[in-house]
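The structures come next, written out as structure tokens.
Consider the two complexes below, in which chain A is the common component and chain B and chain C are the respective partners.
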Partner chain A sequence: MRLNLKASNVSTTPSAIRSLPKRLEPALFILPHLIIFSVFFIFPFFYGLVISLYDWHHFFPEQRTFIGLDNYRRILFETDHIFYEYFWRGLRNTLTFVVLSVPPLVVFPLLIASLINTEPRGYKVFRAVFYLPSLFSIATLVLIWRWVLNTNLGVLNLTLAQLGIGTNIAWLSSQPFAWLSLVMMTIWWTIGGNMIIFTAALKDVPDMLYESADIDGANLFQKFFRITLPSIRNQLVYIFIMTTLASFNVFGQPQLATGGGPQQTTTVLMMYIRNIAFGGGRPRPGIATAMAVCMGLLMILISIAQTRIIKRMGD
Partner chain B sequence: MALRKIEQRKKRLSFWILLTISVFWVMPVIWVISTSFKTEMEAVSGGLNLIPRDFTLASYRFIFTDQNNNIFRYIRNSFIAAGSHTALYLLVASLAAYGYGIMQFKGRDRIFWLLLSTMMIPAVMNLIPLYSIMIRFAWLNRLTALIVPGLGGVFGIFLLRQFNLTIPKDLVESAKIDGASHVGIYWRIILPLTKPALIVVGLFSFMGNWNDYLWPLIVINDDAVRTLPVGLAIMQGNYTIYYSRLMAATVVSIIPVLALFMASQRFFIKGITMTGIKQ
Partner chain C sequence: MKKIIMSFMLVFSIALLAACSGDDNGNGNGQVTAITFWNIFTGPDGQEMVAMINDFNAQHEGEIRVLTQTIPSADFYEVMNTAVPQGQGPDVAIMHLDNIQRYASLSMLDHFDDLLASADFDAEDYIPAVWNAGLYDGRRYGIPLDVHPIGMFYNIDVLAAANVEVPTTTAELIAACDALAAHVTHCLPLSAMWPSQTLFTASLFQNNGVDLDENGEYPAFNTPEGFAALKIFNDLIYTHGVSIPNVGVDEDLAFFRQGNAAFHINGIWMLNGIIESGVNFGTAPIAQLFGDTPATWAGSHQFVMPRGRNINPEKQAAILTFIEFITSNSLRWANAGQIPANLRVLESAEFQALPYHGTFVDVSTIRFVNASPYFDDAFTPIYSRVTAAMTSPGANIQALLDAAELEGIQRVDDALGN
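Then we have the complex of A and B:
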């Protein structure tokens, strides 16, 4: 082998000529992605900051006027401004959804994963069943659930009536049922991924730990909090943060299922941003972009805070 | 012996709890399928029966023949968009993953971690500026707008690179000694070896693109190029009171992803597991 190497060295052209294209070779592999990435990820990021400083028009560049931080001032501080109202109401609604949806979206899949991890008969089928809804698009999801939750004809109300509980609950157009429905369909839709991550994590916890805990006479809860949770901490952090970010981005469920109602109580920030930037009337992309920037910064701050808090809890 | 008994009892208990929850889990879908085989009359009669009294294919026949119903065009558009996006992304991402995982060059890891750190930036911040770029490129109402921008995604590269790092260095080195070029090593050694990872990344980019709702809603207005999720949402408005037809359309929309899932279930599970242990 070594002999071969030497032989090939002898036969090659002088290294100075050879090395230039050789050094450019990595570019051939990483540049296609880097170019697309710059055009569609990096450039828009900075461009967005610029747009948020303008009274922006999508189609008429000559009508764009620079207004400094006015958009931010309007949405953050000018209490009598309509966009102030939209921003804070949207943010409040989004946060409500985050607070209501994240705990069950973390706990429920962990519970199911624990059950599946005992590997009972047909556990692979169960796993597939719980994962299945994750395959559906938001439109399919909402079509299914609007029919299930239909006030007069839905299977849920019909069953409740049969059991003698509740009479014709308006699941999607009255509170608190609208929030309950949105959280319910989101749980149904998205627990699959978290469940599979948890199942894999639980499988990696060494049996030995549980066995020695058994010898020490630990009960089920002690085992769960002292052994299971610390052992899957990394995955827990990951799921907690990713689920929070996903819930922040909620859009399709309220947009299609409740239409943001009743009385705009489920109109989340993403819906306002989309309506203000692209809706009827005169779109105000500048204002919407300022809202998006604030929302994005908040999301970054919250995920940093979550990482910090959990790290400290572990110490 | 006693331990085994406890183990058995735990399994049995888990089985029954899982079975109970599963029933609730599949119920919505069963209810939808059941409605799609009922007559419109029966669908609105308020019966709880899952087996239709007058089993009929009328709703499906309607979906297949109605001139104003474009569901198959939406499906075709979704296939074109998601399929092209996936093929192109696999090419772009596997090339980049080869660069960051197999090749050696100055600043390699610094560039890569910089790329990864941009994943912290929430997508919402890019939405409106990206729309402006689509206007500039004249990509509004074109499938290109659904195919190309997502090719900059970093996550698939991350997964493929992790996989590349597990490939023994000797393999690459000895190929080099035999005179293979990087393009040759990439094509003949790395791609075949990383096939499972490529399938995983392909599945996820396909599903992500297929199910995308917000972005197509913004950049596509022309019904001729509309994709399935937005198209379905519009059908929901058009068929409002025809529940059986609406549910037949829902079932038809489920079939493609269901087929994909059945054909590749183990890859789904492998893929999600890979994302979960990224920490």
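Then we have the complex of A and C:
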């Protein structure tokens, strides 16, 4: 027995040492990303969870008191509290944006990608042009659109007036135009990213499927719905989920373009969260992180549901 | 070979690190005292500030060196909130008057009392309201740099063509706009968003209203005076047609710069932007434009010392030298489009000779908001309601005031722990 053990020690140790670099290799490859991911995601995530359980104080650690789930109770159930009001109004506004923006943000890039996929003359130029706005920063985007949508001087209202359609629509300070404007500028801004993914996906659909469909006498719509869509299902799921998550995180457009107005109808949850944590008034990081955690959970639930639904639709 | 290069690089980088760390903190042994200064001046005023700092550094070559960083004011307070508690804040910074007491109450700032005992800062040199706003709990946390009031710009050519005098009251304004209708597209376009909240606050004071209660805690604007102060903007737009509805941010400015508006109300910080436009213009106060009691909204930039720095007497002395230099040179700062807070500068012949500043505001009418720690929580909920009053023809003014007051009360309740 004893001899046996010794023998096995002798035989394994050197090989383990020898194989150590080999086993460390993958770890080394992911290390840079892991460090960044930990510093900027994992640590803040858990730190945020901790903060949300406290009446947290930025400046006096000794004044931080553990209050359990009280922050959550206040924003979720305490109906006559201002943060209940802010949370639910913010969530309602965010959901409105998600519902309004996700369908066009998926459909328009798909249409454009389908058109570009037919490779008409100059399609490369169009592809570049459609992708271009994605390179703008949010501040540039809003600055451009603020002048386009300007009530009295904007090119859009001037054009509409020329066509005799509308007069002086207050695009950014009245509803439903404020939502329309936000969705419009978001489409213009982000159309490129999704379009690139769709064009890549469409390229991978084998031509022979379309050829045999042609032989069977399928029309354009039948080909699109029976061949194209099922073939790019994976990318569609990916884009659908990522776009939904991105729309949940909407912040810059309403913050800079409408200021959350008119009457706080476009003040999305992220704006309230930032304002409560860092903005004017007394900072309340506990409340803000509790709101952020609730929003995060909701986003997780919705993406799981989306995956399930789309998978089932495909089966 | 590789090993040699590697070890060489290692030694080199260690040497570099050592060299960097030895430099910064002067300790009075003939070394340079470096102080860090965060400012929020991103416009033309920012360039002037940097020029002034360069002059200061040149004058104090070998003794003091000011390292400045400009942070847009939208991000400034967020950066302060995260940096200062970590001890990463600057030695000295610029802050708006209405934030000083809140930051002082949060223990984010150091007071100037010990420093000022040995310096020749004199309260009598400053506009009293500005000087007093830097006090919290009997201690001084802010030293005023400037005052930035709102005022009126008017197009001289347009007014001359219609033979109209510059209006000073609401009635005169309405009459002037009627008379000007044939001569200019827009009379006084009023942005429903920024800077409408400053106009409302001015109107509140002119109508004898107040922003916060006596304790500086709860909102106190929901009164008949507050009603009148808010209603006038709805009336001016929808009853008197002084402005077209739904004017966006800077759209009012654009009209004026194009010569298509007779009047424009904005902060004095817009002065250089309007000079650039080439419009032949003059400036006039708005102190009684919305009510009978003379009052002008103004903000103020003040120097503050964020807490938690590695501070020593040399550094503190250097900070004071720097603040003295900038404030006593505030005539240059006036040229960048601000009004000096220092009365000596204000009364100087050079300042009086500036073409637009003197007529822009009567300094004695300047009113500041109640800069209590609860100001933001109690008062800012009215801002979005000002926009609502200006964008909906039949706005229910009382309902807007009620909603803003309720939101303010709830926020202050929470801040006070009630």
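Here, the second predicted complex is superposed on the first by the 275 of 315 C-alpha atoms of A that agree within 3 Å, B and C clash if a C-alpha of one lies under 4 Å from a C-alpha of the other, contacts with A are read in each partner's own complex, and residues count from 1 in each chain.
Quick note on the criterion: contacts are C-beta pairs under 8 Å (C-beta built on N, C-alpha and C of every residue); 3 or more make two chains touch, one makes a residue touch a chain.
Fair warning: this is a prediction, and the values are worked out from it, not measured in the lab.
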{"item": "When chain B and chain C are modelled together on chain A, clash or fit", "value": "clash"}
{"item": "Chain B versus chain C as contact partner of A:180, first or second or both or neither", "value": "neither"}
{"item": "Touched partner set for A:146, first chain B, second chain C, both or neither", "value": "both"}
{"item": "Touching partner for A:218 - first (chain B), second (chain C), both, neither", "value": "neither"}
{"item": "When both partners are placed on the shared chain, which of chain B and chain C touches more of chain A", "value": "B"}
{"item": "Partner chain(s) touched by A:59 [first = chain B, second = chain C, both, neither]", "value": "both"}
{"item": "Contacts of A:155 with chain B and chain C, given as first, second, both or neither", "value": "first"}
{"item": "Partner chain(s) touched by A:100 [first = chain B, second = chain C, both, neither]", "value": "neither"}
{"item": "Partner chain in contact with A:264 - chain B first, chain C second, else both or neither", "value": "second"}
{"item": "Touched partner set for A:197, first chain B, second chain C, both or neither", "value": "first"}
{"item": "First (chain B), second (chain C), both or neither touched by A:227", "value": "neither"}
{"item": "Selected from 42-50, 150-158 or 294-302: the stretch of chain C that, after superposition, runs into chain B", "value": "42-50"}
{"item": "Residues of chain A that lie at the interface with chain B and also at the interface with chain C", "value": "58-59, 146, 152-153, 274, 278"}
{"item": "For the chain A and chain B complex, residues of the former touching the latter", "value": "1, 4-5, 8, 23, 25-26, 28-30, 32-34, 36-45, 47-48, 51, 58-59, 112, 115-116, 118-123, 126-133, 135-140, 142-148, 152-153, 155, 158-159, 162, 188, 193, 196-198, 200-201, 234-235, 237-239, 245, 248-249, 251-252, 256, 270, 273-274, 277-278, 285, 288-289, 292-293, 295-296, 299-300, 303"}
{"item": "Chain C residues touching chain A - in the complex, by the definition given at the top", "value": "77-78, 81-82, 84-85, 102, 106-108, 189, 192-194, 244-249, 251, 254-255, 373-374, 376-377, 380, 384-385, 387-388, 391, 407, 410-411, 413-415"}
{"item": "Residues on chain B engaged by chain A in the complex (per definition of touch)", "value": "10-12, 14-15, 17-19, 21-22, 25-29, 31-32, 35, 43-44, 46, 48, 91-93, 95-96, 98-100, 103, 105, 108, 111, 115, 118, 120-133, 135, 148-152, 154, 157, 174, 177, 179, 182-183, 186, 207, 210-211, 213-214, 217-218, 228-233, 236, 243, 246-247, 249-250, 253-254, 257-258, 260-261, 265, 268-269, 272-273, 275-279"}
{"item": "Of chain A, residues touching chain C in the complex", "value": "58-60, 81-83, 85, 146, 150-153, 168, 170, 172-174, 259-264, 274, 278-284"}
